[in-house]
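What follows is chain A paired twice: with chain B in the first complex and chain C in the second.
Presenting the complex of A and B:
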């Protein structure tokens, strides 16, 4: 068994991450590009079923177990680590890259885990790795990183409690589909969906990710939310509540992205939006929509990383992130702009791009189930995706007005990573069969029918018309939009200022009283002992003798009485 | 004016932008007219109406922008809100 056991793919990336801080020059590049490729190859040596399993403290631990769903997610995580490694080849902060690879390896680990305890351990590894990636973004990222860590520790605690309760109740550590019928399972679900960016805590994502470095956010966009999608597909397929959570996430992402000014926060909100599509698909829970959720996670990782590489390149070359500062960059950054547009078309599910062949599985599944309202909402949201990300991102960054900036294209490795991912977006869009072949269930769906293509073109092009007709309403301002995170970021400030005012009043009254008392006291002393005070006066000798005689006289009289 | 605009990238010259608008509107019209010649397979009825995706997509975007404006009026703050 051991002799024929494949090496756990997750450990390759994790070990590479641990080695990176000590690697220099060529070895560093070899690790960054080679480790993901070795991982990808190893993923495909993992057969179906439990591969590595042992007893530990009386629990069955299965850190390596394969099936189609696991291999699909592990593969895309490895591909993502390769693309991210190539893009970040010139990132001087090795700690960030080390953490990113540790984080990527842990994501591979979650997707190949066969039991809840292994899932939990890798889950926490991911939280640690991703927090360090955020912290590597610089001084401003420290606070956002702390808030991020706090939310993920909360998620970890919920998951831990849920896993412990689940094992106590069922006696089994196996990670398989569960129905929501016990308290521990609600806790597990809560732990999972916090990482997906579900309400009410969605704000951790647009709060923390955009504070990472130009390369850090590329890694961050891929792993945390998509492992959450993976564990939801495996653990809670067809759980109806997920439909509502998913639809909420879809529209939350769109509305907040429309109002946002920071280009990387726009893309962060659109991660929540896209994961919402997947979560909705998982909630519907048919073969078609589960395939759709898995396929959409696969294509989403590529095009969202591509969008963030494009945004990262702009950030790297100009140091600017706000739409109000950017514009007109297509003149000197045509490759970055073109790749950004390809990513933007993919996220919008434009025909011939990867989003078209994956998202349509979910809406088709909703139509097959006769969920009219959900289907209408998904269609409206598809239009909204083109609005908030598909046009908004390229328009405000690369066109809009002439910002006057003439930045050069980024270094070769960053361009190469963008071109590679652009190629994948179009290749999957034109020829989806290889992706369909590795989905968890057999695919019985043809994306390219005249009817479907015309439908999608109408939907997207008329959203584009709406965008340009209402451009005046979409003008960017130097603002942020308050979110649920106000309850742990803003409320303290408001309370502080509230008590500050009231406190100031109380203090003023208190101080006035003390002052008055002290003043009265000193005035008394001054009256008696001051220069004019009765006790400090210089008394004439005669008056002394007079008072003495008077007192003696009074004494004699009193004596003889 | 004509000389000044020639200096800038051809894509941002007013005459190019006008041309882009004309071509785009023609493409929009074509995608809707295509509905006359192809057979859709509506699932619910409403999605079988003429140019459904076109008007639905447009209306959805207008509604989303209106909703965003409304929320923005309530929840927008200066981007230094949390820093100060």
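Presenting the complex of A and C:
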């Protein structure tokens, strides 16, 4: 090792995570706020090229390698850890915070890894850290955490098999752009996109994240899916299949979010939806869309964390998550409401917010490539995002009917974190140049042209109009006191017919059938392997001896034949 | 002088120690003797390994009778590695044993416990070191009889039945082994392994040799608990005293695996390599059945010790899988997992032994919330658990990595996938315990639990630290395992 080598930024957060369980009082706060800032500073001391490299098991391992793309993602992960740490200062469960920092550090590690083995190692660390964050959500989170762990370790398994195969085939450990032309590479891609929330396993995300605590979900929203975006940008840029996966994710997220009643599940579905935009951009694979995917990941982390902080504050102060139980909170939580609205505008790509300047890179890139259909789908989806996250979340939580609750604003640190992230959303929206300057490729794009702004505003206004028109219609049915839950299903049905979702019903039947088959299969396993199963109970000595003899006979026959 | 007689000392010291323990009759004195002997063992084994690495295979003629007439102790890289493993585990258990034995064994039997323990150690080391087929049988009986007695000392009355079943099955295994040796003796006229190997040339396809192969395979498979001959193991491990469980789980099956390696590659290498015989294929299928079948059973266990025992059966599948893959990377993976699994299972059983010491139970319901009462012990358990899953940065990853590489080199994609997929099952059974221990409210049984005495904690932590250390520095483990694999593969060329 050279003396001038920068200290690996990932290790700062990981060490902070390992120290946190032993820290109390001020030291704890210093760790929570200081470690991410030190990490951020260190990220920018990492020069281009391999910095730290050694031989292990005869392979070249490069746990620290810098370039523009790596630094971009490592920076936003560090910023996110800072915002999350500030927001969670009053979280009493230190184990959750320790796990979250370990998790954040591993995400920084992935983004600065120069070889596949390091990527895999940090990838597994992330799975462990995030599982503990979910488990910290309380008793209800245990099953969800277990399912989450199972899916992610499955992803890890695919990735490990793929990495081992790739190294066995090419002899090189370097992590660079790959074309999909061998079996191991398919495995690697599969491992990556599972973490992105891609079909057919998208459901792990809305299943597990909302079960985390009010602060846990803020951390969860940022790292797993966005490291997946990072590795896809680096490993599989321009892989056409990603376009279809991405578009599927976009609409999956929108449709389920509209059908959902739990505010944090709405936001979880919208993570899948937003990552879908990025994956589509990676699939198109031009300089413009790759920049767009990277930039969108950057801004998305900020505004999604902001939305979840706002939702987390409401959850923290009221203990309620369902839209039907909430409403009218803007009276007593004006700061939380304002910050939530800023996040909602950003996710809807409203001009002058961060979402506008990043998402437009992707749709512009699609237009430049003359992918007319994709461009139209993206535009339609933008309207859909506004419906489910841009209006639905703030409207039902902060406005609409008066729920009668009068919760106070959350503690100062939570407000400070929200205000900080709101500031970033607006600042990047108004003045995008600093972000454009650190993107992996040079940006030759001006977001604020008259036609673009007008187009976007029209799109948003009309979808907003549609929301309130539908709302008005349904409010009348509300007066005859229909079950409120039906109200959402109702809107869903109206929209579903618009998207022609007959397919969804077929899918539901299909899923039910698969579920039953799996259930039968597990019962069968339990019959043989459960405590009273043939494989688990204590055999009589005689039958043990019998089986031994039988095996001997089998060997003899096999050898003689 | 001492350096030249190291092979004899390796076996004779524990034997004399055992006799001394039996005479002393006082638990604490017997422990002192056992401690001194156990601590001396790793130095002897390390000395042997260094000699072997420096100057090649050691041949030691016992009593001055030249081989192949007399009994030969023959040490090469393969068994030097096993000797070091067994004696290291033996040494690390002894400090731990004092508190645990005082709690679990009646005072008047403690001296006997240590005497039998040393006999078992002597038998295992003898099996590993000797180069004589019949001498192996003798030591096998020494170690097995001692093991039956150790298991029967468990407080749980089911221990007696478990020991009895192990006795019957172990005896069948030993009988099969000796029948196999007898058949080989009738064909070659020698009991010396090296001599036997050279005389088998040309007659490897005779019926008697094939029958010998079958008897040896089944006999040794019983000893190493290869699926489906593992049924004696879970109860034996679950109801034995904690110290005995740690020791047997970490060493006994490993020495049996060594025997399998020795016979398959060195002695019967030409038979094993013969294209028309499906030996490797059968081992492959049984290994896979163990990796999946036994591991799934482990998921549903509600007794932690029994769960770990089933997990052992599954993990043995990875070791024998290395034999079935039969190339350098694969066999290295198998041998290194033999070492690594001993470390991992040793630490897991030690941590659980400490739990038993504190709360007198290892039922899943009783250990709930124990993470809050015994954070260090349960933290050690969690790290060792990650290692058995094969998390990077632990030894478990190194083993699986080599196995996967071996499968790829062979072009067996599906196998590489199965290897990593099977680790998902261990995620479930380890995850289940970690979740219960750390994220559930404290159970009534665990209310007053605290960390165990340092004499138990320190050895556990040392072993856990080793599972991390050898996950990073693999020159010692994978390096020597690689040399051993090379040597073994030379036997089938």
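Miscellaneous remarks
Heads up, the rule we're going with is that the second predicted complex is superposed on the first by the 470 of 561 C-alpha atoms of A that agree within 3 Å, B and C clash if a C-alpha of one lies under 4 Å from a C-alpha of the other, contacts with A are read in each partner's own complex, and residues count from 1 in each chain.
Criterion: a contact is a pair of C-beta atoms (placed from the backbone, for glycine too) under 8 Å apart; a residue touches a chain by one contact, two chains touch by 3 or more.
A quick note: this is a predicted structure, and the numbers were derived from the prediction, not measured.
When the shared chain is aligned, chain C comes close enough to touch A:145, but chain B does not. With both structures placed on the common chain, the touch criterion links A:470 to chain B but leaves chain C unconnected.
Residue contacts after overlaying the shared chain place A:530 against chain C, while chain B stays out of touching range.
In the overlay built on the shared chain, the residue A:559 is in contact with chain C alone; chain B does not reach it. The intersection of chain A residues touching chain B with those touching chain C, taken from the two complexes, is empty. Those residues of chain A that touch chain B in the shared complex are 251, 254-255, 258-259, 261-262, 322, 328, 330-331, 367-368, 370, 372, 375-376, 379-384, 387-388, 399, 402, 450-451, 454-467, 470, 473-474, 477-483, 489-490, 493. On chain B, the positions that touch chain A within their shared complex are 8-9, 11-12, 24, 27-28, 31-32, 34-35, 38-41, 43-44, 46-47, 51-58, 60-65, 67-69, 71-72, 75-79, 81-82.
Chain C meets chain A in the complex at residues 161, 164-165, 168-169, 172-173, 176, 207, 210-211, 213-215, 217-218, 221-222, 228-229, 231-232, 234-235, 277-279, 282, 293-294, 296-297, 299-302, 310, 386, 389, 391-393, 398, 400-401, 404-405, 408-409, 413, 416-417, 420-421, 423-424, 427-428, 431-432, 435, 438-439, 474, 478. The touching residues of chain A, counted against chain C in their complex, run 56-57, 117, 120-121, 124-125, 128, 135-136, 139, 142, 145-146, 149-150, 153-154, 157-158, 160-161, 164-165, 168-169, 183, 187, 525-526, 529-531, 533, 535-536, 538-539, 541, 544-545, 547-548, 551-552, 555-556, 558-560.
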